[in-house]
Structure formats: C-alpha cells, structure tokens
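Okay, got some structures for you below.
Two complexes follow with subunit A in common, the first pairing it with subunit B and the second with subunit C.
And now, the complex of A and B:
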C-alpha cells in the first residue's frame, strides 16, 4: 500500500526524527509514504478569519493534488494535520470559501473537499489496526510506563477533526498498549501545552508545561509521547530543570518496538 | 347532484387577518354542487354551529365543508353539529385554512388564493364521501401499569381504589423505583423511604392490585379497550410462596463480587440477594450470571441453608397472557452515562461521584451507614463542590438539550444536608442558572444560601484534575470573569436524566410515539398531557418528561383518572375510517400484510366471482377492530384493491385534481 504523504516544513528541519522513524516503521508494517510532489507549507496556523482565503490556498493545493491521485493524504505533524483537515472541511462545508478558492486557483477540476486526510495514527488504528500492529512488534516495550500527550490540535474541534473523544481520548493509549508498554492516563494529557504563546508569554507557557509534566510524573509516567513538534519543543524547552521527563515522538517508540530504530 | 354547504371561519383574526374570508365564501359559490356558502366569526361557537344546522335544514344540504382550523381541533365538534341536524357525521369535511394557510403566510393575496384552493379540494372530496357508521367494541375492565416506581404505584393505587383491577409490571426484583434510592426529599427534607414504603405496602396488599416484579412486557397486541399483553416473569430461582425473607441465603452466599444496583455500585452484593431492606416482595432473586451454582454447577449453599426449602434452581421464565382495557406507561428514568464527559474525570477518580451515588452515600441504610466519606481513602471530606447541569441544557451530541428539572433542587438539598450534619465542610455549587419554580422551592434554595452559607458560583466547570490527595475544580466565575481552580475533597455531578433504556422498545411495541430524546409524547402538550396519541395508552411520571416527585404524583393521578374514564365505559365507538379490500381486484400478494403496523391484515382462501367464473383464491382480509386507518396498505397495494373508507383513492385523487 502506498499513501500520499504530506510531511510539512517542520519535519524537514526541527522534527526530522518524527519523519524518519515514521517512514522506517511504515516499511516494517508494509506500507509506503510517498511524499507529495510540490507540497507547500500548510500555513502553520489555521486561519479563523472567514473572508481570508490567502492562507488557505497552499493547503488546498496539496489536498487537490492528493485528490487527483487516490483521494487519501497522510499527515504526521499535529499542526499540519489540524490545518489541512480544517481547510478541507471548509472546502466541503463553506460555500463562500469554496467558491473563492476555486475561482482563484483555477484547478483542472474544482476541489470540493473530497480528499480524506488521515493522520499516521489513524492509519495505524483504522487501516492497519492496533491488533495487527501488536503482531508485528518484535521488541515489545514491556514494563515501560508511557504517558500519551495529545495536546490540543489533534482533538479539537472534535466535530471537524473526528479524531477521538476530545475529553477522554484513547488512540494513543491503545497505541502504547499495542507496543507492549503500559499506558498511564493522567489529567492534563489533552490540555494545551502553551506552545503557541511560548515566545510571547514564557511564564504562562512554563506554567502550563509544569502542570502537564507534574501531573504525568505523579501518576508514575516515565516518558511522554507526542505527535506534535511544537508540543515536543515546548515541553522540553519550557520545562523546569527539576522535572525532566523524556519526551519522544510516538514514531520513535514505534520504530523501536518494530526493531528498526537503529537503521535510522 | 349533491347540495354542499361551505362555511368559512374567521377564527377571530387568526384566519381573517391573513385570508379574505368573504372572498373565499364568494368564490366557491360558483362551484357545481355548492348550494350555500357563508363566512362567520367563530364557526365553533354555538352561533356558528346553529348557522350550520339551520343551513342544513333550510337548504336541504347533503354535504358540509368547514374551512377552519385543523381537523385535530374541531372535526369532532362539526361532525357532532351536523349529526344533530340529521346528517351522517362522516359527510363533513374540514379544509384547514388556519395551520396550513393563515398561520404560515403573511401575504393576504397568496393566502386567500391558497385558502380557496384548499376549499375547492375539500369540496371535491366531500362529493365522494359516503355515510359511515361506527362499530362498537367492548372494554376489558382491567388496567396494566408498566413500571413500579412512585409514578406507577400512584396510578395503580388510584385505579384500584376506584374499584378496578390493575396489574403492575416491574422489571427489577422490587417495586419502589428511583424514589426508594433517595435519602431525603425536597423541599420538606422528609425521609424518602418513610413516605414511599407505605405506598409500596398499600399497593402490595391491595385486593385489586397484582404485582409482577422481575417481569417484563414481552408483547402487546390489540387496541383500546382490548389490549392483550404477554408478561415474561423472569425466573427468580426462589419460590415467592415459600420464602420467608430471612436472608440467611444472602449471608451465606460465597459469591459476593457483583455490584449492588440499588447502591449504585458503591457496595458489593451476593449473587442471591434482596435489593434493599424494604423491598417488596421481600424475597431474594438469584442473579444467575454471578451465581456459582449456575456458572460452575458447584456450590448450592443457599439451597442447603434455606430453612423453607424455597430455592428453586430449575425455575424457568414464565409467560402470562392477560387482557387489558388500558395501558399506563410509567417507565421512569435513569441518569445519563458519564463516558462521554471525560473532563470531569469520573472514570478515573473515585472522589468524583454522581448525585445518585451521593444519595446512597448519605443514606443511613447506604453502604457507609450514612457517614459521608471519600471513596478513595474513607476520610471525611473537608470541602465538597457540586456541579449543576452535567449533560443537561447541552446542545452537543453527547448531552441532552433539555433541563433535567430536578437537579437545582436536589443540589440545594444535598448542600443543606451536608451543612446540617457537618457544618465544618465547605460547600460550593457551580451553576448555569438556579431554577426553582415550584411551591416552597425558591425559599428552599434561599435557605441553603442564606442560612447554611452554601457558596453558589455562576459558571461552568471545564475540568476536574487530581492534585495529590485532593481535587482541583477548574471553572469560570461569570460574575467576576475569573478562571477559578477550586480545591475540593469531593465533587458531586448533577447528571442529566434520560428516559429508561427500554422506553424505545416499548414505544415500538405499543405504537406509542416518542420524541427525539425518547420521552413518550403526549397527545397534546397542553390539553392532553397524560394521554399518548395512541388510544388507550396513558403516560405517568418521568417517562413523559423530567419531573420531581410532587409533579410525578399529580400526573400519576391524572393518568389514573383518564384510565378510569375509559374503564367506566362498557362500549367504545370504533373509528369507521378503516381499510377495506376489493375482493375482485385483490391478487393475494399480501404486500398489505407486510406493511400493516397493527397486524390487522390476514389472508384467507375465498370463492371469488371473476367475470362470471367462480374462482377460489387468496384474498386479503382486514380486521376492522384492529385497523387504525393509517392507510399504509392502500399505498402498498399494487392493484389498488386496498382502499380506506373516508379517504378512498378516488377521494384523494379528486382533491389533487381540484388543486391542480
């Protein structure tokens, strides 16, 4: 199986590991991530302005390109996934945005939001299945207490993202279980880490990070996993020195359990 | 040629403000067959009816069309008036120019044109009306009440007191319902069990009441006055006749891992159990899923220790068939599931509990003997936060859009009970609005605030987290705009209530309609609040909509009165607008039988005269007593053999022709 793949800018720079482990793991699981030709930055932040289409155009170009191939587009970075999925929903639901974007882009075929945007985790859950994944694990992470850090972008707004229950998600816990480790549920796993205000208001970001890490550590979490480069950055940079909890991309643990980590 | 009279009603300004009623009357006069047409301020008034009756006599009218409100409103009135003037009541047609016209239009020209079209359609139809005569059916003088909570008990008692037989069917092992789980009741703070158990005993000992506990309705057939219900008496595995209720079986039962339903899972119970001390009947039941004897074949201790020899492992479900004249639905409610409300941490945090769990926790007969303690460490809490509207007034798909109505009052009750017993505990209530309409209700709430010092904060709770050995309640304070993080040792969630899970199944079985929330629908929201739109089905208690105890009891009594009105009749007139099958054209395909929701159609081999030749073939037969006149069969019939009296295919086509 070959999936159209949208890596996004961060995965070619700061978050290379997230991308490399994902590709290696995919190979081990029997599918391939084929990078979309000429993908552009997703825009990084979903534009809440309703009459502004400029910041939506680049997302639509990638979505339309995927539609022209087989109609599926796999993402990995939480922020890219969030932006692509919401812009896609705009194209399907919002007539005004749809009309303006199509009028501007003049694509061969007008784009109506038909592409299915899948997060890598959704591929694991819905296309491969966690049970199948568990069968392919060669080095189970037995005994390791892993906390899932969801952040906000994957889950909300729940109606558009259709990813998991925003208040009590389970996809990452099920993923951790499939790798043979022990998922630990803690209170702040779906709270915002403050990544977006890390530059503007450092103390607020530190405060939010501290709550997340303390709550996880109190429940016995030994390491956190995330799918978001920004969260990963913020949770490490803005953590107080006294509370070092290793933060991994979920793909790193996946690669490790599948026995392909060293190849990267 | 028919002589048709057309009467156009103003309905005050309801119709006349939007429809030119005089023009409607004038324009129909030229239609062939119309012998008289007039408009009048209120056709339903005595004057209006007299006008119609006089015209029938003076002009020798053979048909009547009334252009007025919906037939649901006044069809019966006008039929009766025409009948009094010597006309068969089914020769009257209504053109609905109010709900279907004046109320939905603003432009008078458009509305008048539409009213004329509707009048023309009714005239075209009435020409083809035939006189119909109602049949009669007998009334079985016995009522069935489904649900043995306070609603069902009260309805049953009121019917029984009037001298009629009533059967109560309760699915759990005891009658009593949710009220038996409550500690105190608002606004008087009297003990719930103390006021409920006398009613339970009265029902159990009443000569006119038969109670089937641990029983469910399997099937209902028939119609108003003549229902037939099959009741499944689930196997109790204990003889009700021989058991003395000594309780030694529960004591000695080695399987004690099942969660007590009565105590909301806060305590374990044995596999053979009596749900609570005042249960009626005071006879245990074996929960076979958890019983070692049933699961492994070993054990059998209860049978060995029972001094009365009442244990009957071999007991099987028993089906009882009984006829009823009326059925009352009193199936009650249950709290919503908290699974979709992850932000409150209910699943992971033992000190976040629901209000019903709190009732058991403060009840002297509850799992802690009424000592208010935390479930996590058994310690007395120093501070408690109550959260209102958990899932109520929630427009997202996980919640309920309606107000659950009872929560504001029981929150105030809980807060006061805590303060009364333990003045040192801090109590805070988060709310969206405090709603306390009801006799002595607002005074009750004010007492909580003013006398007991309960802190009420307007704002919603967004998240509950664990911080060491206490909880943090993250909420907004709307008055100050502040984001609060309030430490608490215990949090109590006022969960929304929803109709009992089997309401939907029963609705299908009884063809009683339910709304999008699965509450049973009443025949009219204001004027017929305790009757279902399906004849002979009545509604009692929360199964119709959220209610507190006083309201439930009042409504239960009202439902009983409606049942008595029905049971006191010896005969009921049946609706003559039923389906009929043309044996000449019926091909016996029985497409009609498949779509009939009332089981009114059967098939029979009959000798039919086809073009002079006698032929024996399969013909559809309509049981007029069962047919409700819905017309589904007439649409399904490929050969047009099925027709509905009063709404024949020809009549409908004539209406369509008149409009087009």
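And now, the complex of A and C:
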C-alpha cells in the first residue's frame, strides 16, 4: 500500500527523526509514504475565523492533489494534521469558504472536501490494526513505563478531528501496549505545552511544561512520546533542570520495537 | 469612516461564526483554560464583554496574546460556544490594522535556538502578525 504523504515544514529539518523513523517503520509494516509533489506549508495554525481565505489555500492545494491520486493523505505532525483536517472539513461543510476558495484556485475540478486525512497513528490503528502491529514487533519494549503526551491539536475539536475521545483518549496507550511497553496514564497528557508562546513569554511555556512533567513523573513515567515537533521542543527546552524526562517521537519507539531503528 | 464599537463587535461576531448568545456564563471555559492565570480577562468574561459590544476593552487585553488556541474551552463548553474563535476574531481585528504586529521580525533571530522547530516560527507569525 502506498499512501500520499504530507510532511510539512518541520519534518525535513528540525524533526527529521519523526519522519525518518516513520518511513523505516512503514517499510517494516508493508506500506510506503510517498511525499506529495509540490506540497506547501499548511501555516501551522488553523485559521479560526470565516473570512480568512488566503491562509486556507495552501492546505486545499495539497488536499486537492491527494484527491486527484487516490483520495487519502497521511500526516505525521500534529499541527499539519490539525490544519489539513479542519480546512478539509470547511471545504465539505462551509459553502461560503468552499465557494471563495474554489473561485480563487480555479482547480481542474472544484474541491469539495473529499480527501480522507489520516494521521499516521490512525493508519496504524484503523488500517493495519494494533493487533497486527503487535505481531510484527521483534524487540518488545518490555518493562518500559511510557507516558503518552497528546497535547491539543490531535484531539480538539473532537467533532472535526474524530481522532479519539478528547477527554480520555486511548490511541497512544494502545500503541504503547502494542510495542510491548507499559502505558502510564497521567493527568496532564492532553493539556497545552505552551506552543508558540515560547517566542513571546518563555515563563508561560515553562509553567505549563512543569505541570505536565510533574504530573507524569508523579505517576512513574520514565519517558514521554509525542507526535508534535513543537510539543517535543517545549517539553525539552522549557523543562526545569530538576525535572527533565526523555522525550521521544512515537515513531522512534515504533522503529525500535520493529527492529529497524539502527537502519536510520 | 470608522465602525462604531458596537458595529465592530457585530463584525467580529460575524467573522467568528460563533453563536455567542448561547453562552450562559457558567465559567467552565475559564476553569479549564491552561493560560488563564496570566489573562486579565478570562474566557467567559471575554464572551460577555463581546456580547455587550465592549471591543475596545478586549482589544487592549493581554488575553489576546496569552490564548494559545488549545481549544480546551471549546471542548468543555456545554452550550457549543467557542471562546477560542471569539478571541481569535478580536486578535485579528487588532493585528489587521497597520502597525499592530506583536512580533518584531528583526528581533526574532535572537529568540531562536538550535532546537526550535520551524513550526514555532510559522505559528507565532500567524498569531501575532499580519
């Protein structure tokens, strides 16, 4: 199976590991990520108001390109996933936005939101299945206590994202179990890490990160996994010296359990 | 020709697409907000002030720059109001005006460290500048 793949601005540079381990693991699992040609940056934040049309265009270009191939588009970065999924929903549900975007883009065929946007974790859960994944694990992460850090963008708003229960998600815990490790549930796993505020008010980010790390450490978490480059950054750079936890992209642990980590 | 404060409030509500008059001031959004500690106007109060046309007050609040669009308020609202969208609409009404950008691009390189992802810069420039 070959999936159209939208890497986004950060995965070829500061978050290379998220991308490289995902591709290696995909190979081991029998699928391939084929980078969409001429994709453009999604803008990293979803335009929340109705009259922002220009900031939705780059997402629609990628969504329409995927529609013209086979109608599926796989993402890895939480932010890209959030933006593409919500803009896609606008194109399907919001007549005014749809009309303005299509009038501007003049695509060969008007885009109506028909592409299915899938996060890599959804491919694992819904297309491959965690049971199948568990069967392909050759180096189970036995005995390791891993905390899932969901953050904001994968889960909310639940009606549009349709990713998991926004208050009590389980997809990452099920993923951790499939790798043979022990998932540890802690209070702050779907709280905000501070995001881009690190650029404007570092102490706010430090405050938020401290609550997350304290909550995880109190439950015995030994390492956190995330799907978001900015969460990963905040959890490392804005952690207090006294409370650092190892932070991994979920794909790194996946590649390790599948025995292909060293090949990257 | 300028919009009056009330007209501006109506325009902000229009572009937000939010049915703010469903708000019953229960305060769940404010209780849930992870950035609330540093806000001068908490989310439920923000909705109330906007409904009452007090845009100037909101435009001057630090709530605009502390809200990180994590959507916890939107997820917890029992009445389907979306405070994050309302805050965004007021934030845009400010930065769409000339000279109101909040990030000085010339000073940005000093803030960037070796590990900072592009995602941080793109997000911040979208939220603080036009």
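By our rule, the second predicted complex is superposed on the first by the 264 of 264 C-alpha atoms of A that agree within 3 Å, B and C clash if a C-alpha of one lies under 4 Å from a C-alpha of the other, contacts with A are read in each partner's own complex, and residues count from 1 in each chain.
The criterion applied here is as follows: a contact is a pair of C-beta atoms (placed from the backbone, for glycine too) under 8 Å apart; a residue touches a chain by one contact, two chains touch by 3 or more.
A quick note: this is a predicted structure, and the numbers were derived from the prediction, not measured.
In the superposition on chain A, contact of A:31 is made with neither subunit B nor subunit C. Contacts of A:196 after superposition on the shared chain: subunit C is touched, whereas subunit B is not. Residue contacts after overlaying the shared chain place A:218 against subunit B, while subunit C stays out of touching range.
In the overlay built on the shared chain, the residue A:185 is in contact with subunit B alone; subunit C does not reach it. Contacts of A:48 after superposition: subunit C is touched, whereas subunit B is not reached. Once the two complexes are laid over each other on the shared chain, residue contacts for A:13 go to subunit C alone; subunit B is not touched. Using the contact criterion defined above for the overlaid structures, shared-chain residue A:167 touches subunit B and also reaches subunit C.
Which of subunit B and subunit C touches more residues of subunit A is settled by the count: it is C. In the three-chain superposition model, subunit A touches both subunit B and subunit C at residues 166-167, 191. Within the complex formed with subunit A, the subunit C residues making contact are 14-17, 34-35, 37-38, 65-66, 68-72, 74-75, 82, 84-85, 88-89, 92, 102-103, 108, 111, 113, 115-124, 126-128. Those residues of subunit A lying in contact with subunit C across their complex are 8-10, 13-15, 41, 43-46, 48-52, 55, 77, 79, 152, 155-158, 166-167, 191-192, 194-201, 204, 207-208, 211, 228-230, 232-233, 236-237. Those residues of subunit B that touch subunit A in the complex are listed here as 339-343, 345, 347-348, 463, 465-466, 468.
Against subunit B, the residues of subunit A that register as touching in their complex are 165-169, 185, 187-188, 190-191, 215, 218.
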